[in-house]
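Residue numbering begins at 1 within each chain, and the chains themselves are lettered A, B and C in the order written.
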Amino acid sequence: MKNSKKIDFSDALMRRSTGIAMVAIIIIMGLRAPLFFAPANLMTVLKQSGILCMTAISITSVLIVGGFDMGAGAMVQLVCNLAAGMIISYSNPLLSWGVGIGVGLAFGLLNSLLVVYLHIPTFVTTLGTMYLMNGLSALYNGGSALAIKETAGFTVLTQGSILGIPNIFLLVILLCGIMHWFFKYTRTGLRMYACGENRNAAMLHGLHVGKYLILGYLISGTLLGMTGVFQCSYNYGASAVDYGMDFLVKALASAYLGSTFSRTNELSMVGTVIAGVFIAALSNILIINGFSNQIVSGVLGFVLILSILLTVIKKRDIGQITIF
Amino acid sequence: MPDGPVLLECRNICKAFGQNRVLQDINLEIRKGEAHALLGTNGAGKSTLMKIITGVYSKSSGEILLDGEVVDIQSPQDSERHGIAIIHQDQQMVPFFDVTRNAFLGSEITKPGGRLDLKTMRKLVQEKLEFMHVDFTADTQVASLTVGQREQVAIASALLKNPKLLILDEPTASLSNKEISRLFEIINLLKESGVTIIYISHHLDEIFNITERITVLRDSRVQGTVETKNIDPKQIVSMMIGRELKDLYPKEPAQIGDVALEIQDLYSGKLVRGVNLEVRRGEILGLAGLVGAGRTETMLALYGAEKVKKGNILLKGKPYRPVSPKKAGEAGIAFIPEDRRNEGIVPAMSIAENLSLSATKLWAKNGIIRRKAQSQGSEEIINSLNVVCTGAGQLLSELSGGNQQKVVIGRWLIDKYDVFIFDQPTTGVDVGAKAEIYRQMVKLAQAGSAIIFISSENEELLGICDRIAVMCKGRIVKEYQAEKATEQELLYWSAGGDGQEDGDEK
Amino acid sequence: MVINMENKTIKATAFHGNRIGEFFKLYGAVVGMFLLLIVFQIFDNRFLQPANLWGICKNSAFLILMALGMTFALSVRGIDFSIAQVADAAAVISAFLILKDVPPMLALLLTLLFGLFIGLSNALLMAYLGVPALIGTLGTMFIVRSFELVLTNGAQPQVLFTMPRSVTGTFLNIGQGSVLGLPNVMIIGILAIVIIYFVRERSVLGRHMDAINGNVRSAFLSGIDIRKTFAAAFILSALLAAVAGILICSRAGSATPRATESYLNDCFVAVYIGTLLSKDKRFNVLGTVIGCLFVGCISNFFTLMGMGNGIKQLCNGFFILMAVMMGTARLRKKN
């Protein structure tokens, strides 16, 4: 009994270690360039984190239920292209939303059917659909960017702000709140967590894991579709560059980094968003400190590895990808 | 209570898997409010009977009656609906969920719209927890609970469905003494509140502590049902073992040499708590004990597959530090694992490939495997062990259990080893293959190796070993020369002997 | 004994009926691919010209090296996302060093050491620290990319063919020269295939890799050093990538950062198509080689027809999904 107090303290320290490290990094680098802490810049960071957080929330939904999605970034990109195309051709944001969510659902459904009914591992399935989506994007935009102008009721969603806080971040908070509530306080959400965390326990309690996997892919597909439309709004259209993998890595890093905030290393929406903001802040602070854009992606890779290292190092397995 | 009404009755239950008759004419009566023990050696049929009652297996013939009426149980859900619940040894839980969520998983109470009604669920769980006088609340995260406490959560979860019958399957396997007494208190509370208990365990001291009646299964039949207060441990043990030792153990004497392996005061993990053991060349040492006694764990530590906390090991007289299975093999220790399917074979590889894994270099030249050496070597092993197969190229997944086991053993016959550890090598193996395996052990002993033979079938230990050591709760509690031991004594000491266990290990 | 005999008899009769089925299961994919090539010929009759086919073979060498590296990683239940990036960086580094007046052969050696370094780093992360290969190699990919961009000051092409031939001669000859009519690139490719085949399919290391692919715990308890074996896969794939990168640079006479990244997609397609050509749908060396040639044919066809990147990507996705669907269909039938 006398040891328990000691254990509690070091335990609490370990749990907060990721958080402490994150704050420390920001402070150290911020000291070099105090411009970072200017309120206007902080708001910019929140704005810059918007799409990243949305993508991360979407992929977290499917990670929670035990699935995986290589094509998360590709989906955002495809929908962004389609949405831009809708605006350019028909000037109708509603059409963009419809197409975006429709395409998201469609690919989500495709992924889930391949995984659940054909028993193809999640990694290969989503790798294949990722290529399909990339192909469709390339065919659709013919290699060129699809730019849109300021569109009423559309671009303001991501570009505007209320009381200084960027709209897009408010949307992130809203989305996070809804998904957090869904996964923590509804029966379906609870069961999805169980399927992902301990498949055996879920099956022993009579849960049908396949059903919840399908649901997970549908939810994440829809969210990714929405994110794609928001990206179109934020970016004033679709760029010609292929940024799918970039988005994926950032989203994965956010999800895994977010899972290190809890002692039991479970994924959570709130953790994901905090980690997402951190990654955006990191990019921002690097640039302010004079590091070029080129360094940023390298730092990202480093953060990704570090975040997962913290969660697996206790297990002492070798890093095979048997689940994917 | 013991003379009260009958809750569960099994009439002439039979179960066969193909030609294999696992249960024959089982007639059993469980009375309301009693704690009824179900005893039997491995393979006697206990777990099959429970699986039938809980709807996992279907019976081949016979009837189950609850409260006097015939019931049809086709699935676990059916069983649950009839008020039957079972607590298994290995409770699967979601670590980061709290107790409430884990307890209600799969049968959550919701408000309209799919929202979890946490307040109601929490209250109901808390009620059950308080009823059991546990020392944690419904909000506690399961990750922070001990195995014993998680079992309490499982019991609470079962209680939420208001079961009439609660089956406890080996509930004390990983519990500390304190947790075991807690469990007994809970069982008494349950009995008082009208819940009937079936208690499955090998631990005779526990059975004599809390049960009213005992049914002994032997060789797929009911040997008898007795009142606990009218019988003593030695009599129960004779009921469990009745037959004469048949002569299917091809034991031949071997020349016993000097000490090949000496283990001094070995500590490892939670289950190995000061093991002292020695084996000589040419000797077959049996290691008896119950599940959870720490036998496999001791051997895994010796083999370098688990960390050693404390202790000394002398191999062929020289100090030896276990580092990894690879180094152990190089030092001359061979290990045949317990779980053939998950730890022994590589199902997708052929017989020849499986055979090559431990001493691959012997069939290779300059790093490249020589086909001729491999096929010749494989044929030799297949012939000497009588592996029934279509050839060395057949996939291991297609072989029967016994033949798979022979291949796992064969892996270690390609090179020379000083110590062989066989961990339950004959589980799920047919009679012919078993004889082959025993023969092989004797041959290896005669060739001068030291053999350690872990088994839960005391009969085979008596048939093949020169010496038998009994392990209980992480230590060796008794050693015998095989001729001087009896099954009764082995069972007795495996279950704790005089019950003189020291202290609380927490 | 009686039961086993029964099993044996049942097996024998089933075997006869399955002969034709077996043929199709193993070679059905090859037949399908041949048919597709004929379709290509119909669309564009330049396709099956010997010169065109020869060109496809020549150009496949780079992909073959990288895809073989990927085969190593995938065949131990790992993966190497960084492989194309390492090739890219190797090309850039070798050119960069030569441009900085490092003697070409030394530059080549240093580039190989770079490959070895990345391989060791990956090996450490995945085999000894337990980072899942998917995440770890993605991270490495991004880090190497950053390194390249910084080194080349923002993706400036490293151009070698403007340097005097006396300096770059030996280096460029590797990729551009030939011996007795056979291009060096092809010789190196064939050599690599032979060596890799023996390492992966016939050696002790290869056997150990099969074991950890089949059941890690069994492999561990039978005395295999699972960490070393798993690590070897990553070291070999990085080295192969480095060789590929050097060849690419040597052949073209220049190295443009990020130009080789698209090979990653082709690697996946080639390797997964290759699984269709093995009895139990495993990742294998010869299947990968054929997969590479097939991918080469598809690329060539698209180039001849003037079809762009979009169709190419769609086909990548289609072929990968087809390959695994056919693969799992066979496994499902078995169960």
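Following the convention adopted for this analysis, contacts are C-beta pairs under 8 Å (C-beta built on N, C-alpha and C of every residue); 3 or more make two chains touch, one makes a residue touch a chain.
Predicted, not measured: the structure shown is a model, and the values here were computed from it.
S.K.: Average the CA atoms of each chain to get its centre, and name the chain whose centre is farthest from that of chain A.
M.R.: Looking at centroid distances, B is the chain farthest away.
S.K.: With respect to inter-chain C-beta contacts, which pair, B-C or A-B, contains the greater number?
M.R.: Contact tally favours B-C.
S.K.: Where the CA atoms of chain A average out and where those of chain C average out, how many Å apart are those spots?
M.R.: Taking the average C-alpha coordinate of chain A and of chain C, the gap between them is 30 Å.
S.K.: Starting from the mean Cα coordinates of chain A and chain B, work out the distance between those two points in Å.
M.R.: Here the centre of chain B sits 45 Å away from the centre of chain A.
S.K.: Chain C touches which residues of chain B in the complex?
M.R.: Those in contact with chain C are residues 19, 303, 305, 324-326, 328-330, 335, 337, 342-349, 353, 356-358, 360-361, 364, 367-369, 388, 390, 398, 400, 403, 411, 430, 432.
S.K.: Could you list, by residue number, the parts of chain C that touch chain B in their complex?
M.R.: 1, 3-4, 7-8, 11, 198, 202-205, 207-208, 210-211, 214-215, 217-225, 280, 282
S.K.: For the complex, give me every residue of chain A touching chain C.
M.R.: By the definition above, chain A touches chain C via 114, 118-121, 123-125, 127-140, 142-143, 245, 249, 252, 256, 292, 294-302, 304-305, 308-309, 312-313, 315-322, 324.
S.K.: Quick one: in the complex, what on chain B touches chain A?
M.R.: So the residues of chain B touching chain A come out as 76-77, 92-97, 101, 105-108, 110, 113-116, 118, 141, 143.
S.K.: Which positions of chain C touch chain A when the two form their complex?
M.R.: That would be residues 76-79, 125-127, 129-136, 138-143, 145-147, 149-150, 154, 212, 216, 226-227, 230, 265, 268, 272, 308-318, 320-321, 324-325, 328-329, 331-332 of chain C.
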